[in-house]
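Letters A, B, C and D mark the chains in the order given here, with residues in each chain numbered from 1 onward.
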Amino acid sequence: MTDENRQTTLRHRVWLILDPPDGIGRGWAMLVNLGLIVLIVLNVIAVLLESVASLHQQYRAAFNLFEVVSVFVFTVEYLLRIWIAPEAHPQMPQGQARRNWARSPMAIIDLIAILPSYLAMFVPFDLRLLRVLRVLRIFKLTRYSSAMTLLRDVFREEAGSFFAGFFILFILLILVSTGAYLVEHKAQPDAFGSIPHAMWWAMVTLTTVGYGDVTPITPLGRVFGGLVTVLGIGVAALPAGILASGLNDHLHRRRDNLRNQFRRALEDGRIDLHEAAHIEKARKEMGISYEIASGIREEVLQRERDRRDCTCPNCGAQFTRD
Amino acid sequence: MTDENRQTTLRHRVWLILDPPDGIGRGWAMLVNLGLIVLIVLNVIAVLLESVASLHQQYRAAFNLFEVVSVFVFTVEYLLRIWIAPEAHPQMPQGQARRNWARSPMAIIDLIAILPSYLAMFVPFDLRLLRVLRVLRIFKLTRYSSAMTLLRDVFREEAGSFFAGFFILFILLILVSTGAYLVEHKAQPDAFGSIPHAMWWAMVTLTTVGYGDVTPITPLGRVFGGLVTVLGIGVAALPAGILASGLNDHLHRRRDNLRNQFRRALEDGRIDLHEAAHIEKARKEMGISYEIASGIREEVLQRERDRRDCTCPNCGAQFTRD
Amino acid sequence: MTDENRQTTLRHRVWLILDPPDGIGRGWAMLVNLGLIVLIVLNVIAVLLESVASLHQQYRAAFNLFEVVSVFVFTVEYLLRIWIAPEAHPQMPQGQARRNWARSPMAIIDLIAILPSYLAMFVPFDLRLLRVLRVLRIFKLTRYSSAMTLLRDVFREEAGSFFAGFFILFILLILVSTGAYLVEHKAQPDAFGSIPHAMWWAMVTLTTVGYGDVTPITPLGRVFGGLVTVLGIGVAALPAGILASGLNDHLHRRRDNLRNQFRRALEDGRIDLHEAAHIEKARKEMGISYEIASGIREEVLQRERDRRDCTCPNCGAQFTRD
Amino acid sequence: MTDENRQTTLRHRVWLILDPPDGIGRGWAMLVNLGLIVLIVLNVIAVLLESVASLHQQYRAAFNLFEVVSVFVFTVEYLLRIWIAPEAHPQMPQGQARRNWARSPMAIIDLIAILPSYLAMFVPFDLRLLRVLRVLRIFKLTRYSSAMTLLRDVFREEAGSFFAGFFILFILLILVSTGAYLVEHKAQPDAFGSIPHAMWWAMVTLTTVGYGDVTPITPLGRVFGGLVTVLGIGVAALPAGILASGLNDHLHRRRDNLRNQFRRALEDGRIDLHEAAHIEKARKEMGISYEIASGIREEVLQRERDRRDCTCPNCGAQFTRD
């Protein structure tokens, strides 16, 4: 075994530990990944507690020690991930695979999570403000959460509709704050003294949050405000409606996908072991319950049976169509 | 009739009274179950009124008497339910059936509802605080409500999506409160003095509740706050969208289920009395209206008719179209 | 023509004016119905303005005159509607038809709208409080609104789910106000001094209204409050989800209904003029657009053509199946 | 080439620049359209900043210059658009085509955006108030946004349901503010002194905005208020439910449309190049993703294959199954 081979073998093993095919993995992989999850959670808790002045003063040393250890571990993790990046794309040149990985959103978050600590060594900056950025490490947790795939996919598919919703909100914000400025700026020169000032009230009302720190007080302002609250439930309905429709659509397409896989597997008349394993894997990836998948299989089988069993109307021969 | 037989017969009769197959039952069963429902409602009202200091002082004796009677009735009910537990699982050993029942969520609530009163006899504890736990008895009411099955099933099926929604809310809470701390902690050291403090505002805004007891006051804080209100309508859209999609899907699957039952019954060409009764039972269990079920049956029949045998009017050949 | 005939004819004409088959009708019917709509709107405006003390004092005479005229018109309308009630049910005994009508929700609202004015003549009661009830006359407007049929039907069909939603809200209200009482009643004996007092905050939070007049102030109370705001977006999601799913389902069933009518009409091979008129009427009643109805018709025709045009595989004869 | 021809040719070129068939266009068209978009955005920003008194004072000259330039550009654009209007309707008389265009909503917004500036020359009016109307120019941006077509179409299709929702909100507003007036006007004569006054609280609560500047304080008022908050989540559910159902329906109809186009193209057994181009254009116009369109095509092909001719392996008879 050559040196290079040994290195490749080691790299492959590290890859299987850091990036197991089924999320958290088993054995050493599970240990390492659970350890990283715990470290991320502890880091986030540390950032939260450190922001409490009294705790920060009292346990400054402990916080610093924990920070040094964390940065060390996350740096090692980052370097290892750069090293193993080619494993995921065996046919790609190593340099390109690593550059690709380093540009992925997850890698950038990994970098942002460790960079401030190194920067703080050189830049004479308020260390605490910078350290707060470490809270972004929480995004690393989504790496392990397969439950969020569905929602992320739906958000991506409906991005156009969500964008149109934002645009509508933006136009309404401009028009509503202009209107509020016109009707209220004389009565309340502080809160509605200019259109940019009036935007605070407009935004809080259009999203139905309604703090009540700023409210119209003139009769005309209240009539206008009442109409804006109606626009508010309309605006708040946009993401709910888009999401409901998108989830529903996504769900159906995932099932249609599974149905097509059953159909294609059945084209030769039966589902062999290899095909069954393939479909089972797809079912799990798409998060379709076993019960629903059975229903789809039964439906496809029934339709296939109807299509295949055939009686010749001429001679009465029974045969199976291909 | 042996002693054991008599006991079994009595136990079976008690079972039919306390746990009638159709929710509340008839005759004695209805009387007992309605009585228990009334007692639970009165108990909840008693806990609410007892928390009013003046009422508690004035009617202390009456509250105590009512408490003693209630605990007695609920204790008898609990013991009876342990006793009759094997009736629901005739083939299971009696001990195991009872242990199974005692570990069910409903049995644990039953126990929590009576335990504080017994504990209060031995532990010198603020009795009133403990008694408040009796309000959990209200959960026993869901035992009798069949209307909540659909919603509970949908919540269970969509549990993964709801969990992902909570995770998104959690990540946003961390990031938003960190951001609010950064932009506002100098202007408002009380409300935004640390990240955990800023979480109160972040949570109230992300859920669009918007109390307004704490709001950003700096210009930068208000721009940040305005963006967070938009995240708020997104967060509030998650459960609405998931629920809408889940309810819709559940509804369709229940109907597909009924459609399949009609199809299977029609495989021999007609729906006989036994099959009709079976489908009618399924229809009731799934809460599908008679009108909708008729529509499904007509559609299945129509499709079956389309497939029927055909005779050529020219040569008399018989063939089947499908 | 006998006296009775003449009366019947007059009654029929009054019926066509007061209750035209297509909502508001034409000619005299439109004039009368638009007049009644205007009078109702003016009555509601009068109640609103009369509640302003200064206006009430100044224009007392005008308000009284308008009230007398309104009550007179509505009384005549009510009596006429009792009189013409049998026209809608020609085969029912006249007395029964009138009793049926008098018990309908719309007739009861008509009665409530005029009764207070007559009662005020005899009972020495605060006339203004009683007069406010006339605002219920606004419900009479729904008589003319066909746009609300769809929403009303969906609310009725989903009544079970909405009821389960209310039950969940009720249980959460009890549990949340009990919890808020436990964690906050020492810090804020005014707002959280008893469970019934804490219900105000619980309700305002669970519905995401969030006035902010009462908020938790202890750290534990704010953690509890934060969890309750999450329950709040869950509660607010219930009606949105139920309504979205119900509307979607209702829409599909209306279209299935139209599809079935097309199919039944096509059973004899063609849609004759009488059938087309019947389907067109159903389409309008169900509020399905012409464009969508055309799509459904084309789909049914296509399927029918596929089913009927038949080539005998034996002799090659082309024939049409029945 | 005659003079008229030359003019028509120039007009056609201007038309292709100002109104390119694919939104923003390429080359000169893109330059002009992007320039107009930038100018509109700068105009909106100018209106916002001008409303800030200090900025207005300091940069009065710059604002005025920018205003003069903008009005000039928008006036030229308006006149050009009138001139080129006949290009879009070649077979219509020129005068009629121009009148039609001038009455379109977009043209009226164009006019409102420039008119105040000209009016200000003649009418001695507060110029700043009038200038605010220029913010309406933001609507011109929607001319370039194709992402909003879907939402606009759904709003139009569901207009009836949205209107019914507004009507329900209106009736609830009248009834709730009347109820609030009855239970609270003695305790809070300022906020609930008349029904019109109580409407502010009613509106803010029914839309779940919940400012909290006005809240019921009597026990009866709070019980009533608690019930109104429940109505509030019902009202807020209306637009979300209607939108979710409408989006879902619109999506399915677009796909059914594409499916029908595939089917019609396949009636002759294959999809030729011309048909493929036609379907591809329809797919783009309806905003259906390539992936989804492929799924639909595969499904239609599969169904067509099932129907294909069949040869009996025994006697060689040819027959068709459908």
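The rule is short, and it goes like this: a contact is a pair of C-beta atoms (placed from the backbone, for glycine too) under 8 Å apart; a residue touches a chain by one contact, two chains touch by 3 or more.
Predicted, not measured: the structure shown is a model, and the values here were computed from it.
Trainee: State the smallest step count from chain A to chain C, taking one step as a move to a touching chain.
Mentor: The least step count works out to 1.
Trainee: Are the two sides of the chain B and chain C contact the same residues or different ones, given that same means over half of the numbers occur on both copies?
Mentor: Homomeric contact, different residues on each side for the most part.
Trainee: Any idea whether C-D or B-D has more C-beta pairs in contact?
Mentor: Of C-D and B-D, it is C-D that has more C-beta pairs in contact.
Trainee: Fit chain A onto chain B over the CA trace and report the rotation angle, somewhere between 0 and 180 degrees, nearest 5.
Mentor: To map chain A onto chain B, rotate by about 90 degrees.
Trainee: Averaging each chain's C-alpha atoms to get its centre, pick out the one most distant from chain B.
Mentor: Between chain B and every other chain, the largest centroid distance is to D.
Trainee: From the mean C-alpha coordinate of chain C to that of chain D, what's the distance rounded to whole Å?
Mentor: Roughly 29 Å, centre to centre.
Trainee: Could you give the separation in Å between the centres of chain B and chain D, each centre being the mean of its C-alpha atoms?
Mentor: 41
Trainee: Which residues of chain D are in contact with two or more other chains?
Mentor: Residues 208-212, 236-238, 240-242, 244, 248, 317, 319, 321-322.
Trainee: Write out the stretch or stretches of chain A touching chain B in their complex.
Mentor: The touching residues are 44, 47-49, 51-53, 129, 132, 135-136, 138-139, 141-142, 145, 147-148, 150-151, 166, 169, 199-200, 203-204, 207-213, 235-236, 238-244, 246-248, 251, 287, 289, 292, 295, 298-299, 302, 306-307, 311, 313-314.
Trainee: What residues on chain A touch chain C, complex-wise?
Mentor: Going through chain A, the ones touching chain C are 208-212, 240-241, 244, 312-314.
Trainee: Give the list of chain A residues in touch with chain D in this complex.
Mentor: That would be residues 157, 160-161, 163-165, 167-168, 171, 174-175, 178, 181-182, 185, 193-197, 205, 208-212, 215, 222, 225-226, 229-230, 232-234, 236-238, 240-242, 244-245, 248-249, 253, 256-257, 260, 263, 307, 310, 312-315, 317, 319, 321 of chain A.
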